[in-house]
Amino acid sequence: MFPGRFQPFHKGHYSAIMQLLEEYDEIVIGIGSAQEGYTCRNPFTAGERWEMIYRIAKGNNLVGKIWPIPLPDINMPLTWTAYILSLSPRVEAIASGNPQTLYLFEWLGYRTKKIKLLEPTKYHGTRIRNIMVSGSDEWRELVPPEVTEYIDEIKGVERVRRLCLDEHTQH
Amino acid sequence: MFPGRFQPFHKGHYSAIMQLLEEYDEIVIGIGSAQEGYTCRNPFTAGERWEMIYRIAKGNNLVGKIWPIPLPDINMPLTWTAYILSLSPRVEAIASGNPQTLYLFEWLGYRTKKIKLLEPTKYHGTRIRNIMVSGSDEWRELVPPEVTEYIDEIKGVERVRRLCLDEHTQH
Amino acid sequence: MFPGRFQPFHKGHYSAIMQLLEEYDEIVIGIGSAQEGYTCRNPFTAGERWEMIYRIAKGNNLVGKIWPIPLPDINMPLTWTAYILSLSPRVEAIASGNPQTLYLFEWLGYRTKKIKLLEPTKYHGTRIRNIMVSGSDEWRELVPPEVTEYIDEIKGVERVRRLCLDEHTQH
Amino acid sequence: MFPGRFQPFHKGHYSAIMQLLEEYDEIVIGIGSAQEGYTCRNPFTAGERWEMIYRIAKGNNLVGKIWPIPLPDINMPLTWTAYILSLSPRVEAIASGNPQTLYLFEWLGYRTKKIKLLEPTKYHGTRIRNIMVSGSDEWRELVPPEVTEYIDEIKGVERVRRLCLDEHTQH
Amino acid sequence: MFPGRFQPFHKGHYSAIMQLLEEYDEIVIGIGSAQEGYTCRNPFTAGERWEMIYRIAKGNNLVGKIWPIPLPDINMPLTWTAYILSLSPRVEAIASGNPQTLYLFEWLGYRTKKIKLLEPTKYHGTRIRNIMVSGSDEWRELVPPEVTEYIDEIKGVERVRRLCLDEHTQH
Amino acid sequence: MFPGRFQPFHKGHYSAIMQLLEEYDEIVIGIGSAQEGYTCRNPFTAGERWEMIYRIAKGNNLVGKIWPIPLPDINMPLTWTAYILSLSPRVEAIASGNPQTLYLFEWLGYRTKKIKLLEPTKYHGTRIRNIMVSGSDEWRELVPPEVTEYIDEIKGVERVRRLCLDEHTQH
C-alpha cells in the first residue's frame, strides 16, 4: 500500500512505484484526501487522480500490478491508519516517504517501508501547482507524459490557476 | 459504476457484471458500506470484498475490465450520490437493481441503468448469510467458485455464525 | 421553535402551530432529519417538506409568521439540542409533544413548552405513510389540502409505496 | 438559491439580492458555515445571521420574497453541492459570485448564475471584520442600516475584537 | 482497558473488574456510546455512568485503581478499535466478554483478554432495563448498592420507563 | 471541569488546578482535541496527556481529586459545549482562561469561572513546543518534573522536532 495525495501524480511518485515493484508483485495505491477536489490545495478529484494512475498503468504495462483506491479523510490521525487498512485489501506493508505516515503506522504496530524519494524538493506537489499558477510550462517535465496529456484534456492548469488566484481574493 | 455491498459477492452480482460488460468496456465496482466489517450484517471487510472481486477478475480474464473501489457510507441518502461520484472515475452511468439507488441518482439528474437481476430471491446476500448461520453448505452453490475458496481460506462461515449468534445474546 | 420530521406535514402539526400562534407572534419550524429523503421512513426531502410548510403559509395567511428551517441530524441526542439552537434564530422556548425532546432541552436547562397533540394516534406520520403503502386514499383527510395537492404533484404516494415495498425485499 | 457566509451581511450581499429579484420571484438565502459562531472568522451564529436577513426583509418589504435557511458545512467540496440542494426547496439555479461555488455546481451538472459583485474589494466580509478589530467606525457604512443596528444590539463589534485579538495570543 | 456501555453498571461488570484486578494493578474503564443518553436503549448519560463507576470506586476502596473515561462512538467497527486506543492511556490488553470486540482487536493485531462473564443471561443491561420498564423492583438486586442509590437519586427508573414507553408511540 | 489541550501539560496548567482546588473538592480535567496526536500542533496523544496528568496526580497526592477524561473535537463551536457536558460528570462550573471557551458556555447559559493564568506568555503550549523544536533545553523548566520525566521516556522532544520540521517540507 502506497498512500499519497497525488495532486498531481508526478515523476517522484512514479519512481517510488517502480522502486516498490522491485520488491512486491502488486501495489495498492491509496488516493488520500479523496473527498477533496476543486480547491487550490486539492484541485483534482479522486476520480481524476484515479484516471491519472489508470493511464500510467495502461501506458506502462502495469495493469494488474497497481490498483488505485480512493481513501477519504477522517480528521483523526491516530485512527486514520486503521481506517485505511479497513478499506484496503490486506497488504504486506505501508510504504511512504512521509515521516508522519510512518510514525502513525508504527504507533499502531504495523509494518512500514520507508521509500527513498527521488529529488523531493524538485518533484513535489505543492511546487508543481505553484508553477502552474505562475503560468510557466515547466510543470510538464515534472509529471509523466500520460499525466501531462490528461491535465491538458481536462484543462487542469486553468482550473488550478483560477482556484488558487480566487482563494486569495475570496470573501 | 456498479455499486453494491457484496456481503458476499454472489452469482447474481457476477451475472450483472457480465450483462454490463456486453454494453460497456470497463466497470467500476463500488464496494458500499466499506467502513463496515465483522458485524452480522456486514461480516466481510472492504478489503476482503475487494479480494473476492480481484480473484473473480483473475479467474475470469477480467483484469483491466473491472475495477473495485471502496465506498464508505455517509448517512445522508441524497448526498451519498454526489459523494460516490466524487470518489469514482467519471462513469457513463450508474447501474443498479436497487430502486432506491436508481431513485437517488435520478433525483440528482444522473444517468442510470436498471439491471435485470438474476433470480433475486435466490441470489441474495441476506439469504446467503442466513444459510451460513444455519450450518447448511447450500451457500456454496450461490457464489462463484473463487469466492467459495476465499471464504474458506479466511474461515468466513465460522465468523458469520459467531457474529450473528452473538448479536442475539449481546448485552 | 417547533421541531418535527413532518413526513408528511399533517393536521396534527397544523393544529399545534395554530395553538402556538395564540401565544407567540412568530414560530420557527425546524425540519428535523433534514439530510434524509427517498427512504421508507423519510420519503420526502427537506426541500419538499419546506415546500409543504411554504404552501401552508401562503394558503393560510401565515407568511412572515412561520419560518421553516432545515435541521440535519447529528447522532448525539444530548448535543443535538445545542446544535439546533445554534442553527436557529433566538427563540423564547422549544415547543414539542415528544417527551424525549422535552427531556433533552430540560437537561440543557432550556425553556420548553409541552404541546397538547390533536388525536396523536390518528394524526401520526408513520400511520399516514402506512396508509399510503396500503393503497387506501384515507391519508388525504389527515393532511391539510395544500399538502394533499403537493404530494399529488410530486407523485409522493407512488414513491412511498415503492420505497417501503422495496425495502422489505432489498438485498 | 444564493449561498454565502454573511459574516456579516453587507451592502454587496444586498445589491446581489436586488439584482436577483429582478429576474426571480423568490430567493432562498443559504447561510453557509451555519454551525460556526463565536470565532474570529465566523463571529456571528447562524441564528444571528438569520436575524440580520430577517430584519432586512422586514425593513425593505421583502417578507415572502427572501427565505433564509441555515446550511451547515460538510468538509467535502464535491459533495457539499448535493448536500445543500437536499436541504433547500427546489430552486431554478444557484447564484454566486464565488468562482469555486460556480465550478462545483457545474461539476454536478447544475444550473448556475454568475452574480456581478458590487465593488468586491470594498464590500468584503473579511475587510469589514478587520475594520471592526481596528476600532474604526467605517464598517457602519458598509452594511445596511438594519444590520448596523442589530450588531450594536448584540454588542457585535466588541465580540469580534475580543475573539480576533484572543486568537493571536491563544495557547 | 475494559470497554462497555454500562446501561446501567451491574454486578456482572463489577465481577469482571474484580476478576481483572487479580491480574492487573489498574484498569481503564471505557464508557462506550458516550455521546448517548436519554434514549430507551441508552437512558444514562456518559457523565451519569461515570458517576456510577466513581461511586463504586469510592465505596469499594478502588480510587486510583479504576479510571473511567468516556468513549464516543464512531460508526466504523474496524476503525473504532484504533480510535479507543488513541483516547486511552497505553494499556496492556483489551478485556471483554463480547466476541465482536475481541474479534476487532484481534483483526488489528492487539492483545485481548477474554473475560468470563458472571451469569450473562441474568446480569444483562437490556434485561435490567426491561425489568425497570415492567415496574418490578427486581432490578435492585442486579446492580451494586451504590448504583441502586444513584439511580434512585436521579429518578432513573421513571426516566427509563417514560423513554421506552414513549418510543413505541412516537410519531 | 477544566478543559485544555495540554500539549504538553505545563506549570501554568498546574497553577490553575491548584487555584481551583482551593475552591472545589474535585476537578474533571478535559483533555481537548483528544483524537489528535503525532502532529506538529498536537504531538502527544490523549493517552499520553492522560498519563502526564496521572503522574501529576500520583506525585502530588491528588489521586481522587483530579480526574482526566478525553474530549474529542467536533468542529462546531456552539455545539461543542453541550457535547463536552454530555461526556463529563455533572460539574458545578466550567473553568477556563480562554475567552472563547468562556463566551461559548455563556452563550449556552452555563456557569463559568475565569481562571487567572500564571504568566500566560511564558507558560504557553505553542511556545514550549517551539523551544523543543529549536533544540534548547529551556522547556524543562516550564513543565512540572513529572512531565519532563515522562516526555524523556517517550522521546517526546525528538518526536516534536521531526513532526514540525517535516511539516514544513511536506509534499
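We call the chains A, B, C, D, E and F, going by the order they appear; numbering starts again at 1 in every chain.
In this text, a residue touches a chain if its C-beta (ideal position, glycine included) is under 8 Å from a C-beta of that chain, and two chains touch if they have at least 3 such contacts.
Just so we're clear, the structure is a prediction, and the values are computed from it rather than from any experiment.
When the partners of subunit B are compared with those of subunit C, the chains appearing in both lists are D, E. Interface matching across B-C, A-E or B-D places the copy of A-F, with more than half of contact pairs shared by residue number, at B-C.
Spacing of subunit C relative to subunit F, judged by their CA centroids, is 43 angstrom. The centroid of the Cα atoms in subunit C and the matching centroid in subunit E are 35 Å apart. Our note on geometry: subunit E versus subunit F, Cα centroid distance of 27 Å, whole angstroms. For subunit B, the set of residues that touch two or more other chains comprises 35, 37, 45, 72, 75-76, 78-79, 83, 85-86. Chain contact topology: the protein chains form a pattern that is neither a line, a ring, a star nor a complete graph. Contact residues on subunit D toward subunit F in their complex (touch as defined above): 35-39, 45, 72-73, 75, 159, 162-163, 166-167, 169-171. Listing the residues of subunit F that touch subunit D in their complex gives 12, 75-79, 98-100, 103-104, 107, 120-121, 124-127. Of all the residues in subunit B, the ones that touch subunit D in their complex are 74, 76, 78-79, 81-83, 85-86, 108-110.
Touching subunit B in their complex are the following residues of subunit A: 34-35, 37, 45-48, 50-51, 54, 63-64, 67-70, 72, 83, 85-90.
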